Amino acid sequence: MCDESILDLDELNEECGVFGIYGHPDASQFTYYGLHALQHRGQESAGIVSTNRDKFHVHRGTGLVTEVFDNERIRKLKGNIAIGHVRYSTAGGTGIANAQPLVFNFAKGELAIATNGNLVNANRLRKELEETGSIFQTTTDTEVIAHLIARSQAPTLEEAVKEALGRVVGAYALLILTNDQLIAAEDPLGLRPFSMGVLGEAHVFSSETCAFDIIGADFWREVEPGEMIIIDQDGLRTSRFAPRAEGKICSFEYVYFARPDSNIGGINVHAARKRMGRVLAEESPVEADVVTGVPDSSTSAAIGFAEATGIPYELGLIKNRYVGRTFIQPSQELREQGVKMKLSAVRGVVEGKRVVMVDDSIVRGTTSRRIVNLLREAGATEVHVRISSPPVKNPCFYGIDTPTRDQLVASSMTVAEICEEIGADSLSFISTEGMVEAISGAAGGTKRGYCLACFTGHYPTAIEDEMAIGGKR
Amino acid sequence: MCDESILDLDELNEECGVFGIYGHPDASQFTYYGLHALQHRGQESAGIVSTNRDKFHVHRGTGLVTEVFDNERIRKLKGNIAIGHVRYSTAGGTGIANAQPLVFNFAKGELAIATNGNLVNANRLRKELEETGSIFQTTTDTEVIAHLIARSQAPTLEEAVKEALGRVVGAYALLILTNDQLIAAEDPLGLRPFSMGVLGEAHVFSSETCAFDIIGADFWREVEPGEMIIIDQDGLRTSRFAPRAEGKICSFEYVYFARPDSNIGGINVHAARKRMGRVLAEESPVEADVVTGVPDSSTSAAIGFAEATGIPYELGLIKNRYVGRTFIQPSQELREQGVKMKLSAVRGVVEGKRVVMVDDSIVRGTTSRRIVNLLREAGATEVHVRISSPPVKNPCFYGIDTPTRDQLVASSMTVAEICEEIGADSLSFISTEGMVEAISGAAGGTKRGYCLACFTGHYPTAIEDEMAIGGKR
Amino acid sequence: MCDESILDLDELNEECGVFGIYGHPDASQFTYYGLHALQHRGQESAGIVSTNRDKFHVHRGTGLVTEVFDNERIRKLKGNIAIGHVRYSTAGGTGIANAQPLVFNFAKGELAIATNGNLVNANRLRKELEETGSIFQTTTDTEVIAHLIARSQAPTLEEAVKEALGRVVGAYALLILTNDQLIAAEDPLGLRPFSMGVLGEAHVFSSETCAFDIIGADFWREVEPGEMIIIDQDGLRTSRFAPRAEGKICSFEYVYFARPDSNIGGINVHAARKRMGRVLAEESPVEADVVTGVPDSSTSAAIGFAEATGIPYELGLIKNRYVGRTFIQPSQELREQGVKMKLSAVRGVVEGKRVVMVDDSIVRGTTSRRIVNLLREAGATEVHVRISSPPVKNPCFYGIDTPTRDQLVASSMTVAEICEEIGADSLSFISTEGMVEAISGAAGGTKRGYCLACFTGHYPTAIEDEMAIGGKR
Amino acid sequence: MCDESILDLDELNEECGVFGIYGHPDASQFTYYGLHALQHRGQESAGIVSTNRDKFHVHRGTGLVTEVFDNERIRKLKGNIAIGHVRYSTAGGTGIANAQPLVFNFAKGELAIATNGNLVNANRLRKELEETGSIFQTTTDTEVIAHLIARSQAPTLEEAVKEALGRVVGAYALLILTNDQLIAAEDPLGLRPFSMGVLGEAHVFSSETCAFDIIGADFWREVEPGEMIIIDQDGLRTSRFAPRAEGKICSFEYVYFARPDSNIGGINVHAARKRMGRVLAEESPVEADVVTGVPDSSTSAAIGFAEATGIPYELGLIKNRYVGRTFIQPSQELREQGVKMKLSAVRGVVEGKRVVMVDDSIVRGTTSRRIVNLLREAGATEVHVRISSPPVKNPCFYGIDTPTRDQLVASSMTVAEICEEIGADSLSFISTEGMVEAISGAAGGTKRGYCLACFTGHYPTAIEDEMAIGGKR
């Protein structure tokens, strides 16, 4: 689910994860564990800013959380308030320069800011700011928010933040740190997951609840769409900067991004995936000998598919662990000689068998073709592909790094054509309705709606900027 | 299955993996990929020795394969013959000094040697050699073999190796490299797995077949018990240094050590484990709501258990990835505050449920107790533990790093006592017969026998040395 | 002269060095060699920004030039225009964050900026900027200049830079890079050295001429006080942003900072120092057996002193090379047991001798006391200290990291008291007139005047900001 | 004098330095400082072995002492006895494998051994040992000594060492460590320097006395030719393993290798060098304007020359500091464009002047030619080269890494021819008699003789092995 994604362009990638804590003497160490739990949301860079109410302590670097921080560095991040960020590697990105949290000095003092998400009017706002004398350090949308805050003539930081958020449009879970406050805010549509928990006397915020489990914190509730929460010495206050509306949580978090042990909107992600597998089996059954998932993200759906059909679930595909940044990648020549990078098919499991291969999504189609081929080379007699999300036909502008529309195989091909393209014996996708039903599930689910834009093309906000893939930040 | 084991003393650990290749211009790069596939057999150190038939190129270091080698280093390991080794970290070991392959200069030239296994008469042999003037560089058994070869007055290296192997007793897969030969040998009882494959014109050897898959090599056959294979410019020759006998392959390779995608004795390891789960379910059924495996090694058995019982298989336990050497470990205080290191229980899956927790083995019992506790804290109403191997009552002297007998919980407690000790609602182990049946399985299996010494105490060789855990190498 | 200074708080430290080149395909590599030659001016961090007229390539890091850059990194710094910077480690500084060149995006595009020096009205300007919405990334004066440029509504960058420089007061050698221009400017009083050279078709700029020698460039002329030079595709243009005035070059550059092989104002630094030694000998002769300099910066003056007096020059003090950042520093206990860090006295040279110890300056006095003591422990019967600069009584606000006035031993003690304090048999400083005469020398010298503020207290500009040592940047 | 030598093949290089200490709780830390002082004797690798009388603690690595060790590593080198070694990088050497001290396990226990020097019958001894079953780990002569000790049937280690030293011929300062003894021995001719000192209750040994000064130890006496000293719980014992003979200390130690602050045979090295400069001036006077030395090793001789002639001593050549292993070396193309690597001539000093350039030796002649050329390019009108050693005509077999005879320019050319070859206006070498007289000097000196083999061809031992440059270890 994690560092291997670096090596594979045919996957969708989340852009970030955020974590914050207020009121614990080990604030930066807990942030470290929290970021570690969110590592799957971004592996390019990691950063933590803490404060002992006097001044900021900052460390950011490129690489995994465990590479960026060591004991010595965490020890120097003193204070009982901290925020942290993990960032995904966008192709052509600019490394350390864009690592968050961003730190600024402005008239009201020091301010650190970290976001998970993407704005859709950032380009226009940035242009306006530059023309009137603002200097930009990064190419992040996050810095646009920071400049809007700095430009505000509102008397308090709180008001300035509200004023700034009133001008931006998009998807975000946002954390702001000053020397005496922690501010958390969620975009008006609640597009990105953002939860709040308690750890003894301390408050914690995280993109996903799995970070709470690893540090022993208790989930309290989600940050609501359009809500801004401020914690300082006077306690916790909440207010709204946008009117209450039906949420539109990203459905792809359930399909692929979130960790299986996280809950979003009260729904366990593994359970939702397993239900997707079941619904998929009901919608598109097949005669076969074994079911296998593409590790790691499709395991739950594959188990659900197997349970629903009674076809045995097997480890037909094995992921090569340790394939990180430092791995010596085989040359094209060696690849052609058969050196496998990321996945191996297990001959002992698939040889002579009719195989159902369950995957979470098809983006460009190239990975699927490769995996089908691996299975056939290992002796599978038939390969039936079942996808636990509907066809991805539209780019995402809310923080997911999708390719442009013309690279999305489902935007120009029918299911039958894709099936031929990837060389499968059959191919089915779950229906959009089936997926929504599976997510909501028997377990209930909140009354939130879902953003289904990448499947349906119905974007929940206006898309102001001309956004090409290269323009994503 | 891999680097996390470093952090957990309650697991059994393999001591090594070996890989060799003869006759390929990218010999060292293939060895790199091969060792990478064998990484789970040893994470302390890694090494490769190659030769361009003129002189040796050597690189060894502590850490994972991807840490020890980079492009530059592999490029310097010139030549078309190479052998490599990964080594497990024994507590109190001596780091780089014991990293293999060992390299020596002796009267017949340069010689590199790497083994996976352990000798049971090494201490006596070493003492004899030292008393007559030999100098030792390491505390490895492998060096004893090297000195025996150097002392031999046999006219050829081939004869000298046979003479040396005739004097040692134990378990080993052995690779020897000279500037023009590659020699492979397997102990007379075939205790450790050792396979041979072909890659175009080249020959490859590996502790496990999973290394063949990753490089695109085809499995040919296993190196037989007591067989010595020599490859040089004249081709491949085979001979015996010990009489043909029934093999006694280590049963724990199937239970825990080997990768699920490897085949040993013609049996796929994942399939064997799944059968163990089925047999376990038949021997010790239980009423429950969910089955969960302890990741990663027990996943296959848990799926087998679930299939046999019809209880749904769920991800009730999640492993924290990236928990490597560089991870900042929580202080005891933070652990008590709830910071989890290695495993988290998924509340959304186990809360209010009766859980079957399938694990591969119980050694000291401490890990099991911790996991049972994690599940209860996450809301499991009942926890039933099912173990896919019989109780481990005896130390291994053949290359597995077991604790001493008094630390093996099953050597002094009954199953009922262990059940209480680990706080489970019920506990069952598979029977020894059941396990052997499950390994051999419907798929067939070779006529080899199995070493069951750790379960039964019947060691297949005399155990000459007084071996305490500290004396293991 | 260099990395050892890190370890000794009793030395004055230059804050920076800058280097730039326009019009050479190996621009960044030449900048690397240039910065290497300027390493003595700053060892905390180093950075280079280059452009291939399309976009910036940036690399900055903490450490020496050779630590921050390697072949791979230089290769990525593409383009035929580049500027670079080395920075001195101020106590309590903020590491990488303040590393230059600073890089900004603003309405006119990308801009990189590097300076050597210090402003005296930066605090006020910064406050004004922040209050009207500017965000600061660093605590450097350099960023103030950048914001002033960004705020300017002037139609061209050239005009905007002039407008900005018209508002700042202080000492600086300044380099600005855009995607098609290189701009160099020197403060109106010419306080910091800044030279221009040619390398084939290319133009080069450097804080010191020694950087030209190492790369084979020819010195052309110095950048004049108040001059701004712009190079772009149309060639080189020069203009003034301040009226022509008598220069006030820092005299301490001759005394201590500059490399002996650099020329400033047409005067070779080694030659100037040797003349200082001669003048010092004439002003304050002494009967003695040997003359020794405190390595490395006082060697030239000591040789001059020896030549003028006829007393033999000897290596009575040896510097421990390799005493860099990574050196394990002896504990206080070991120091008391006699472990020497930085300097050793050579017993074979000084034992039983009357020693003249020539040093370049006395700041706090603690280093002098230690060295006098070393010489006595090694058997010197008398130690006569001769200082080749006048007493330093006043802090510098133009880029030298002096302690506050109360820590300057000469601000509160007479020469006789200092002599007692450092335990010397006699102590003399060169006179201010003598120093100026020695610098100008028989060799000629420009008509430039000298800044003597640290000796005389007459600052050549108003000192607007309340500047404590902690406020220096 | 130090790390730059790595970059210049036209210098002679010492092969090693050793340091040992018995009886101090900070033994390894003192060894660290001692090795640091001996860094000029070898920069390829460094190692320390310590013992707390129970077991060895070992750390060795490639690089400078400050690179190989850090606080953590020194802290782990527990115990109050330690020995250390720095090793020079021989071209084609084998890196870490040959790093000393070597550590062995043999019948009498653990043994560490470090030497500075070279044997002349090692090849024959090694062959004998290998043929009777010994395995070699390194290509060092030191290991031959270790095997001879291991093979000895003498009842005590002391006797075994004597027996071994009785069989080897060559030059060495030798340190041996066991868990309760420190043994020091010097070759029968005293070819390599080796001193003994006291530090409180502890005893220290070092290749040079400069290591004593840095740690505050007092020089006691030199280890005598053919002497073996043993320190253990019973105190210090001395004995001889070879008859008393006139010593033959290497004269090149005075000329080039030793640090100027070391004393050898009671003679300060700087003083000896200065006398060489004086004698050289008397033997070969010249009319000139300035004297300059080639830094760093020729500084003392140049000062002596200047004092004797009255010609002013100037810094006409500047060494580029920080030119270490990590320096990005200019391509041939850039060199031709004028990028200087190691030395720059100071135009301000030499332009229009007649220059005397004093250097310590000429080996291949290529460096001298380059430096003469540098001076001319910087404007010197005449360049007169004066060499403070006689012509080097013969290779050294006693631990100095000389090229083979045919590469020694003085073995095939007359002084006049060399003068033309290097492009000088005049060239003179000191006479052998002059050099010996200068070394012995007015300061006295021991009655030891000098090894002058590289100048005269009279080797003080038989040279048994066929030794080519590649055969040096």
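Going in written order, the chains are labelled A, B, C and D, and every chain counts its residues from 1.
By definition in this document, a residue touches a chain if its C-beta (ideal position, glycine included) is under 8 Å from a C-beta of that chain, and two chains touch if they have at least 3 such contacts.
Here the structure is a predicted model, which is why all the values come from computation and not from measurement.
Fewest steps needed to get from chain A to chain D, stepping only to touching chains, is 2.
Taking each chain's centre as the mean of its C-alpha atoms, the one that lies farthest from the centre of chain D is A. Put simply, the C-alpha centre of chain A and that of chain C have 49 angstrom between them.
One finds 60 Å separating the Cα centroids of chain B and chain C.
Spacing of chain C relative to chain D, judged by their CA centroids, is 36 angstrom. The set of chain A residues touching two or more other chains is empty. In this structure, the chains touch in the following pairs: A-B, A-C, B-D, C-D. In the complex of the two chains, the chain A residues touching chain B come out as 1-3, 26, 29-30, 32-33, 36-37, 39-40, 64-67, 69-71, 74, 199-200, 210, 213-217, 259-261, 263, 267-271, 274, 299-300, 303, 307, 312-315, 318, 320-322, 324, 326-328, 330, 334, 337-340, 344-349. Per the touch definition, chain C reaches chain A in the complex via residues 58, 97, 103-107, 130-131, 133-137, 139, 146-147, 150-151.
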